[in-house]
Amino acid sequence: MQKPEPTVTKVPRADNARVVRKLLFIVVGMFGFGFALVPLYDVFCDITGFNGRTKNEQAMANTRSVDTSRTVNVQFLTRVNKGMPWGFEAEVKSVRVHPGETKVVNFLAHNLTGNNMVAQAIPSVAPGEAGLYLNKTECFCFNQQPLAAGAETVMPMQFYLDPDIPDHIHTLTLSYTMYDMTAHATPDVLASIEQPAD
Amino acid sequence: MSTVVGEMDHQDHHHHAPSGITRWLFTTNHKDIGSMYLWFSFIMFLVGGSMAMVIRAELFQPGLQLVDPHFFNQMTTVHGLTMVFGAVMPAFTGLANWMIPMMIGAPDMALPRMNNWSFWILPFAFAILLASLFMEGGGPAFGWTFYAPLSTTYSSDSTALFVFSVHIMGISSIMGAINVIVTIMNMRAPGMNYMKMPLFVWTWLITAFLLIAVMPVLAGAVTMVLTDKYFGTSFFDAAGGGDPVMFQHIFWFFGHPEVYIMILPSFGIISAIIPAFSRKPLFGYSSMVYATGAIAILSFLVWAHHMFTTGMPVAAEMFFMYATMLISVPTGVKVFNWVATMWRGSITFETPMLFALAFVILFTIGGFSGLMLAITPVDFQYHDTYFVVAHFHYVLVSGAIFSIMAAAYYWLPKWTGHMYDEKLGRLHFWCSLISVNVLFFPMHFAGLAGMPRRIPDYSLQFADINQIVSIGGFAFGLSQLIFLWVVIKCVKGGEKAPAKPWEGAEGLEWTVPSPAPYHTFETPPEVK
Amino acid sequence: MRTRLITSLLASIPFAASAQSSQLNLTQGVTEISNRVYDLHMTIFYICCVIGLLVFGAMFWSMIAHRKKQGVKPATFHENVKVEIAWTVIPFLILIGMAIPATSTLIAMEDTSESDVTVLVTGSQWKWHYKYFDHDVEFFSLLATQQEQINNRLDKGENYLLEVDRPLVIPTGKKVRFLITSDDVIHSWWVPDFAVKKDANPGFINEAWTKVDEPGIYRGQCAELCGKDHGFMPVVVIAKEPAEYDAWITEQEQIAKQAKAEEQRLLAMSMTEAELMQLGESVYLGNCAACHQPNGQGIPGVFPSLVGTDMVLNDLPAHIDIVVNGKNGTAMQAFGNQLSLRELAAVITYERNAWGNSTGDLVQAADVNEYKNN
């Protein structure tokens, strides 16, 4: 840096530093904002039912009155992720329910491998808008599911549709994709697996 | 617009600047750095262009002839990245470095040392990106949009290099943008208030704010890709509670303002050239400024129009459709203002003007296809086809690149002190104009007829169109060598250029001699 | 110079007008929605043409009439509030005019009335899988164009790259609902004639629907970059009259049942080495060679080699596992449901004995079956 710089500026350097500081603040803030988009997106999805994401937590017990004037066809899709040797099926392909009516549907899982495994079912709803009105009061999808080698299990899911569900929704599809979470399982789930399967 | 009262600095002794490579390595002079940016961007333009030639050669005929599909995907990906981050953006930064201090009567950029850094990290970023092509498994092959999980779980090992190089490009752009903002805010000559600034300065100021707002978001997106791929997070993996569609929201939150980053400075350039060669002041200066601001603000509200097919609720689709359509209002204002500037002017057609006129027409065509793409129900048909490819190449090649060419011809006499060869310039223009249309216009038809983008092979119905497109592509690529020739010839010699070679040109840069002395405006001019 | 500019630009106008002919324009398609989309497309296109003619007309007029050569003195006006307001407000009104039909078409597309047939469409690298929700029918749909055509060793057929081994079959005149998802990366299921394009997102389902009026064969392609063979996963849908469709689906259910029974019968039989290797080679070339390459060497850094590797030479259970179940997080798919037990056994045998891998292992259908049900 031997070369002298032109110094005849009408602005003191301190002034530049002040502006730079402000701009850097924006830069850092926007970098943080990029990451803040992750939780914001989740909130946004919960509010709008964006991308068929459904509330994956326990809903309040059903206290709503049943709207017997109409029925909604609820279809169940079960899929296992690539590379996951489990059998996974719903006992029924679909049920017809009145909005407000509580139903229980059983899902069957079968660990076809010789290893103890932990799985997590990820739900998705089509049409996305309908996901807002699907309330699960009990579901295997809230937790990781341990299953011993070769074991089979019946997993119940209890749900009701909010009576506010728009009239134009006649069919609702709930899909579960089963993922292998053995490598990421929490210790207590792993511990529970040691018990003999029934 | 503004006149100068003040003594020019004619003492052109070069402050015993070091010669040879160290002059360029350590320079803090805005003109040196501007020149380096411009040469760098031209080299990258040729590098990215040669990748486009590989793409067009493979697509010349149906069937696989030259490259395998995996390499083809690397070519489309790196072509996009090189052109966006290596050619268009550094060219604008180079022009900003050269012209902004001279346009506002400042002696240099406000932060000259940072200026040096922001340039010199760029070649390293691209060395890393291009080197990744030679790694085992190849370079990035997931498109310049690097949608997860193709770029995370399913990408090759070189993804870390891609992430690293995008980080460096981002840091370079952010430093450049900070420098532009500080320069414009603090270094204007006395009397140069905001509403007297040339539009190029205005558009760059707004661009710089867009840059510092969205480049960090891009940095965040690539960081998430990095941690998802290598460190077990699951931002974009459904298994861990993430969502691949969220990647697209984050990416396009950066990506759409990025599109305007690549076109707003063009608006500034065209707003300088059209009045100069119409010999008439720019029509609607203040509405131009407001329109630029409006476009910048709207650019943050339209990102999801890139994602209509991802399955959005209908209300969201409507919102993004309306917001996108709305952008055509301020953009239209700009085009109308340019036409009104020409109206009842006294027009001549030197090369910069020819490129500027071609810009207005071809950019407007790109704007029309953009408006068509905004209409959600039809976008379902256009999305991810060659119609989109045609659209954004009209906006970026015959838009952004043509404006950069126009700027180069317009200011070459100021930079080199010589007039460029007008005959060759016109030859370059006509070759470029014809070939660019042969190249991109038929792509509209291929897309409407149903040809998806990013495919290395296609069904027979698209064969004729692709052949025409490829011929246009080769012709356009070769035409750019004329430009290289013109520039080298102009640097080496030619007719001596006066301080103001263009009769109708306005602005402080024309008050200093040509070539512009190493240091200008060490004593600030008075602007009335 | 100027006349040349004008002629070259005017030359593009008849070119644009020829966009009317079917090959160069958007398809009208075969559904009510696709027709509405086409009409909307043409409406917006014509509006753009009119605006373009006005703007470019004014521009060319200036370029001709206001040349310096004509000796004109430049005017000095540089603003006019009335004009500026007009050209802000008028485009805005035009946009509202465009938004009305666009919105009504969009709402028509979002019809959620009950459907007659539901099909689950799953994309994976690089094929589609179709599963009928109300029937026990499901199958993969793979590119049927021969590799020799792609590599220019054979003449390309009429439907080059747009043909599959097993097309999706749907009834005409009925509302068909598609549930779309993916097994690995994002794909996009597109049939231009239905104006249906929807992304297949891994872990999530999307829905789309169509109601086809005319029987026929409709072709489309994957529209979202999904890796190496993105250009080679076409969509073919056959629309049949409802009666024909019913007959077809019943037949398919029968075939599926028989195949299962046949499979059980074959379990008892052993194949010879020659039979295994012959079948194995054809299965390999059809399903594996796209990634692992015909010579088994793979593509370094992307697709692993099968030649001389530890798993292929020494670890038979792991080898069966990866072929049957795939490998999560890679392009390696689960072939357990795509191939029959015989084919699985043959391809594993082939891989263990081809290209100088001479393990001498013979894997039989029963071995694979034992593994699968263990």
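In order of appearance the chains are A, B and C, and numbering begins at 1 in each one.
We adopt the following convention: a residue touches a chain if its C-beta (ideal position, glycine included) is under 8 Å from a C-beta of that chain, and two chains touch if they have at least 3 such contacts.
Just so it is clear, the structure is predicted and the values come from calculations on it, not from any experiment.
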Going by the touch criterion at the top, tell me which pair is linked by more C-beta contacts: A-C or A-B.
A-B
Please identify the chain with the largest separation between its CA centroid and the CA centroid of subunit B.
A
Geometric centre distance via CA averages, subunit C-subunit B, whole Å
32
Can you check how far apart subunit A and subunit C are, centre to centre, with Cα atoms defining each centre and the answer in Å?
27
Distance from the CA centroid of subunit A to that of subunit B, rounded to the nearest Å?
39
Which residues of subunit B are in contact with two or more other chains?
238-239, 243, 245, 310-311
Give the residues of subunit A that touch two or more other chains, as numbers and ranges in rising order.
51-53, 81, 122, 177, 179-180
Give me the residues of subunit C that touch two or more other chains.
184, 201, 203-204, 206-207, 329
Hey, which residues of subunit B end up touching subunit A in the complex?
15, 17-18, 26-29, 106-108, 110-113, 174, 177-178, 181-182, 185-187, 189-190, 212-221, 224, 232, 235, 238-241, 243, 245-246, 249-250, 253-254, 310-313, 315-316, 519, 522-524
Parts of subunit C lying in touch with subunit B, wherever the complex brings them together:
1-2, 4-5, 8-9, 12, 15, 19, 23-27, 36-37, 40-41, 44-45, 48, 51-52, 55-56, 58-59, 62-63, 66-69, 72-80, 83-84, 87-88, 91-92, 95, 98-99, 102-103, 105-107, 109-110, 125, 149-152, 156, 158-162, 184-186, 188, 190, 192, 195-199, 201-204, 206-207, 220-232, 299-302, 329-331
Which positions of subunit A touch subunit B when the two form their complex?
1-6, 8-11, 15-16, 19-20, 23-24, 26-31, 33-35, 37-38, 41, 45, 48-53, 81, 120, 122, 128-129, 177, 179-181, 184
Using the touch definition from the top, list the residues of subunit C that touch subunit A in their complex.
112-115, 118, 120, 122, 124, 133-134, 177, 179, 181, 183-184, 201, 203-207, 321, 324-329, 332-334, 336, 372-374
In the complex with subunit C, residue positions of subunit B that touch it
62-65, 69-70, 73, 135-138, 141-143, 147, 149-150, 153-154, 156-158, 237-239, 243-245, 278-287, 309-311, 314, 317-318, 321-322, 325-326, 328-329, 332-333, 335-336, 339-349, 354, 357, 360-361, 364-365, 368, 371-372, 375-378, 380-381, 383-385, 426, 430, 433-434, 437, 441, 444-445, 448-450, 452-461, 504
